[in-house]
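You will see two complexes here that share chain A, one where it goes with chain B and one where it goes with chain C.
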Partner chain A sequence: MKQTKAFYFAPYSIWLLLFVVAPLVLILYQSFFDIQGNFTFANYATYFQSGTYLTMTFNSIFYAFLITLFTLLISYPTAYLLVKTKHKQLWLLLIILPTWINLLLKAYAFIGIFSMNGTVNDFLVFTGIGRQQILFTDVSFLLVASYIEIPFMILPIYNALEEMNPSYIKASSDLGANNWETFRRVIFPLSLNGVKSGVQAVFIPSLSLFMLTRLIGGNRVITLGTAIEQHFLVTENWGMGSTIGVVLIVAMFLMMLVTGEKKKKGAFRK
Partner chain B sequence: MKRLVTLAAVILAACGVLYYSSNKLDQAQGMTGYNTLNLYNWGDYIDPDLITKFEEETGYVVSYETFDSNEAMYTKVNQGGTAYDLVVPSEYMIERMIDEEMLIELDHSKIEGLEHLDPDLLDMAFDPENRYSIPYFWGTLGIVYNTKFVEEGSIEHWDDLWDPRFKDDVMLIDGAREIMGLALNSLGYSVNSKDDAELAEAAEKLDSLTTNVKAVVADEIKMYMIQEESSVAVTFSGEVADMMWENENLRYVIPPEGSNLWFDNFVIPKTAQNVEAAYAFINFMLEPENAAQNAEYVGYSTPSASAVELMPAEIIEDEQFYPSDETMEHLEVYENLGQEYIGIYNDYFLKFKMHRN
Partner chain C sequence: MAKKTFKWSNLYLLLVFALLYAPIMYLIFYSFNDGGTMTSFTGFTWDNYTAVFEDSRLMGIVLDTLLVALLSSLLAAIIGTLGAIGVYLVKQRKTRNTLLSMNNILLVSPDVIIGASFLILFTFIGFRLGFTSVLLSHVAFSIPIVVLMVLPKLQEMNPTMIKAAHDLGANNWQVLTKIVLPAITPGILAGYFMAFTYSLDDFAVTFFVTGNGFSTLAVEIYSRARQGVSLEINALSTLMFLFALILVVGYYFIQQYSINKKHKQQHGRKGKEAVTLL
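On to the complex of A and B.
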């Protein structure tokens, strides 16, 4: 019995070893070498002493935070209403549909919408506000990034709300709670796991959205992804690139720790 | 499981049949390794009529494949899936391919018509004495502007980019060498400077440009300038030639104080199967009437002095693409700076991009 278990697990553990563990170890290993190939901690010293990299780290985290916040603000009510609608599957499909379209195509579509002679500006001229610079601003970057991440926030929240036992809500109102109290003390705490996985699914990729920073942000928004791309493709300083990679990985682990499910005793319901 | 196996077998069989029939087809068209020239070039970078003419004159069959970046080309040539006989990389990539011994040293006795080329464009630092490469097209880095928004002739120098009237209106190409280079040029230094004080001065000057910068983008500049998103941009002359087909309000300026000179040259990779055909094609393209026809079609600047004489005056007198000798003297090819200085250029550039006003 034990052997068959190990047998079934083998393909995945090989995959894990080759494509998850090995790359992580390689990145960590590379980050200790300078361009001459000497073993050194200098990359880390450079990173933490450089105003450029620290500002960039702050920017990355701050933008990722804003993107996560906006998607959460939009997604929670959407998921909440979705659970109550009639044609759930249809609505869900409509929300997932945009994720089937390539990211680059969506980015180019937004360039068309936001550009000086684009749809939005035509509308602004029509309403008398006049042409505005929309592309290459923080607003357009945050908007497009949030748009792209929204499905990944809605789905886990929707699932959490959908799984909830309706008798809790009935019990709550039977015991005299009004709608707001029911939401605050019953529904929201029970959907918190969905929110946490949504936050993880959005925050972590948002840390290194580098195609969008160029296409929509016009490189006016610089995140760590830009620096990593530069170090691997242009300067070929893989050590420094890996160091930034390690910092990002650590940031992601911290994020997982903060939002991870705490295992309480007897909490294994599934 | 059984269905899966059947499906896999069917797919494999289909692949086999397709491979066999495509081979048969190639042979039917006369495309055997013996008389085929595998040409690997940038997209839309040759007059198709010339390929037909070459095929008629020499009996070789040209298989034409295209790439859109030097890096993509490098990867494909390096991994050797197809044996390309003739490739057209840019100068910095040629230098790298020479270093990595990927290229055949050219036998100049087999090349006819080298005397047609402008001697000023031969024997450059990336390939001394043209031992590995023959110029195909060349160009510059400069400023493109739209006469709808900017008075014609009012931009001449790099310093004009700093003019307050272009607030949030300048687009820059996303390259450390190009942008640091223009700052160095505007101060009268070389684009290949390795002087730390000069670099620091250039970086400081760049910082004051940020108020005018609208975006730092790559290939999209072409689209934005055609759509008149911005009135001024810094980009390569080749891109500008394409833009001008679409928008006739655009003008191009090469600042006379200095700029970058770039090349796309013919090279023969070591993996080439048909070296004779490659030489035949190089010789064919060196013939002045062919070079002239090609330059008129593509719109880039031809290195062939004899071809220039054959071309209409309106093209060759256009200083946008055939700059004066005085400007030419101030143009420099990017030299390989070594990893340390490439790092320094890029760090300054990253800092510049980070700078918000």
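On to the complex of A and C.
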């Protein structure tokens, strides 16, 4: 029995060590080296002392918060209504389909839609507002990022609502609650886990959407992800890039602590 | 009254769907434009499509991308399935939960972190960047989703079946191939499919570990899009949309094939919503 266990575990543990543990250790290790390869704490000192990095981090978190909020506002009603439709599976599939289109293609589409002569500007001219610079602004970054994240928010909320025992809703109305009260006191609290995983699924990636800041945000918006990409692939200052990476990992764990729920049951039985 | 609110809700859903599909339809629409821009439609043409097929560099990249996706999802399916069986065999709850948390690290990490840390890893061990580094990275970030897809199937399996097989004289190999694998095949297939789409969809990780010589479609689109609009990309995205459509239909049938209804909705970004993270 021991031998068979070892057989199953061998490739998997190599993967765990090489691609899960080692990269995390290495990024932490790298963050203590400057661009010449000397051991130093300077990267952290720079990060926490220079206003630029802190402002950038704050902005990135703020943008991620806005993106999460927008997607949540659009997705919750969508998921709620989807559960009630007749051909749920089909509709759900249609929500998933756009996520299978490469993110870059969707971003690329917005280059056309938001451009000076694009559809949105034609519409603005038609309504009398006149042409506006939309592409390469903070707003365009927020809109495109929210657009891309919407399905990832809908799915977990949908799953949570779908799993809900419908007899609770009946019980609630039997006990005299009106629709709004049922929603506020029964449906919403029960779907909260879905909202939490949706927030997780949207917030953390939103901190690191560097391709969107480059293609759509026109480098006006700098997220943590943009800064990491810049340090690794443009200025080749891996130490500083890793330092920001460590900050991002810490932010990720904090986020998971806030939204993670302690389940007493086995972790994966849904 | 009830009828009226029902209508409003349908309108809302329609609006959301329109919003989700508008950019894609926009891309497809302008792929037939002979004007060369994505803003004014001057006339219908197939030229952009012939340009895609005549662009041998682009076609090479398409083939490379497919090759990476096929190989990485296959390898990830094998390693992930073995890993899932391994995790299943662990009886101590603590060890098991630790293993699962470690399994999920790559699922929740932002792409940029995965890409940057893999880049450090490859440089650290002196590995040359190119096809193999991209392939290994794709295998690496696909393994956890396979584990998550296979594990529920293992847990649904009746453990007395394995005992019975052993009692009847089957050796370990026979138990694996005759009892365990048939029971978890739907999970493996679903995992393989998810891994395949992750690989096709990935941009950020590949961007970090691709080096100079090798390119995948996403990386190529990024560099072309930075130079401005080219309707060849529109034509290509139309073709990719059709391909995704076929994949979705395929995935749908695999899901249907899967006996268990409960795990029907386990897809989505890196399975996060399926996991709800400990």
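In this section, the second predicted complex is superposed on the first by the 248 of 270 C-alpha atoms of A that agree within 3 Å, B and C clash if a C-alpha of one lies under 4 Å from a C-alpha of the other, contacts with A are read in each partner's own complex, and residues count from 1 in each chain.
In the analysis below, a residue touches a chain if its C-beta (ideal position, glycine included) is under 8 Å from a C-beta of that chain, and two chains touch if they have at least 3 such contacts.
These numbers were taken from a predicted model, which means no experiment stands behind them.
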Query raised in the report: Can A:Ser173 be said to touch chain B (first), chain C (second), both, or neither?
Result: neither
Requested in this report: In the overlay, answer first, second, both or neither for which of chain B and chain C A:Phe232 touches.
Outcome: second
Query raised in the report: In the superposed arrangement, does A:Leu215 touch chain B (first), chain C (second), both or neither?
Result: both
Query raised in the report: Is A:Gln133 contacted by the first partner chain B, the second partner chain C, both or neither?
Result: first
Query raised in the report: Which of the two partners, first being chain B and second being chain C, lies in contact with A:Asn38: first, second, both, or neither?
Result: neither
Query raised in the report: So, A:Asn117: does it touch chain B (first), chain C (second), both, or neither?
Result: both
**Report entry** When both partners are placed on the shared chain, which of chain B and chain C touches more of chain A
**Finding:** C
Query raised in the report: Taking the contacts chain A makes with chain B in one complex and with chain C in the other, which residues are shared?
Result: 111, 115, 117, 214-215, 233
Query - Interface residues, chain A side, partner chain C - complex - result: 4-5, 7-12, 15-16, 18-24, 26-27, 30, 74, 77-78, 81-82, 84-85, 89, 91-113, 115, 117-119, 147, 150-152, 155-156, 158-159, 162, 193-194, 196-198, 200-201, 204-205, 207-208, 210-211, 214-215, 224-225, 228-229, 232-233, 238, 241-242, 245, 248-249, 252, 256, 260-263, 266-270
Query raised in the report: How about chain B: which of its residues touch chain A in the complex?
Result: 71, 168, 171, 174, 176, 213-218, 220, 224, 227-229, 339-340, 342-343, 346-347, 350-351, 353-354, 356
Requested in this report: Mind listing the chain A positions that touch chain B in their complex?
Outcome: 35, 52, 55-56, 111, 115-117, 133, 135-136, 214-215, 218-220, 222, 226-227, 230, 233-237
Query raised in the report: Hey, which residues of chain C end up touching chain A in the complex?
Result: 9, 12-13, 16-17, 19-24, 26-27, 30, 37-40, 78-80, 82-83, 85-87, 89, 93, 97, 99-100, 102-103, 105-106, 108-114, 116-121, 124, 136, 139-140, 143, 148, 151-152, 155, 172, 197, 200-201, 203-204, 207-208, 217-218, 221-222, 225-226, 229, 233, 237, 240-241, 244-245, 247-248, 252, 262-270, 272-278
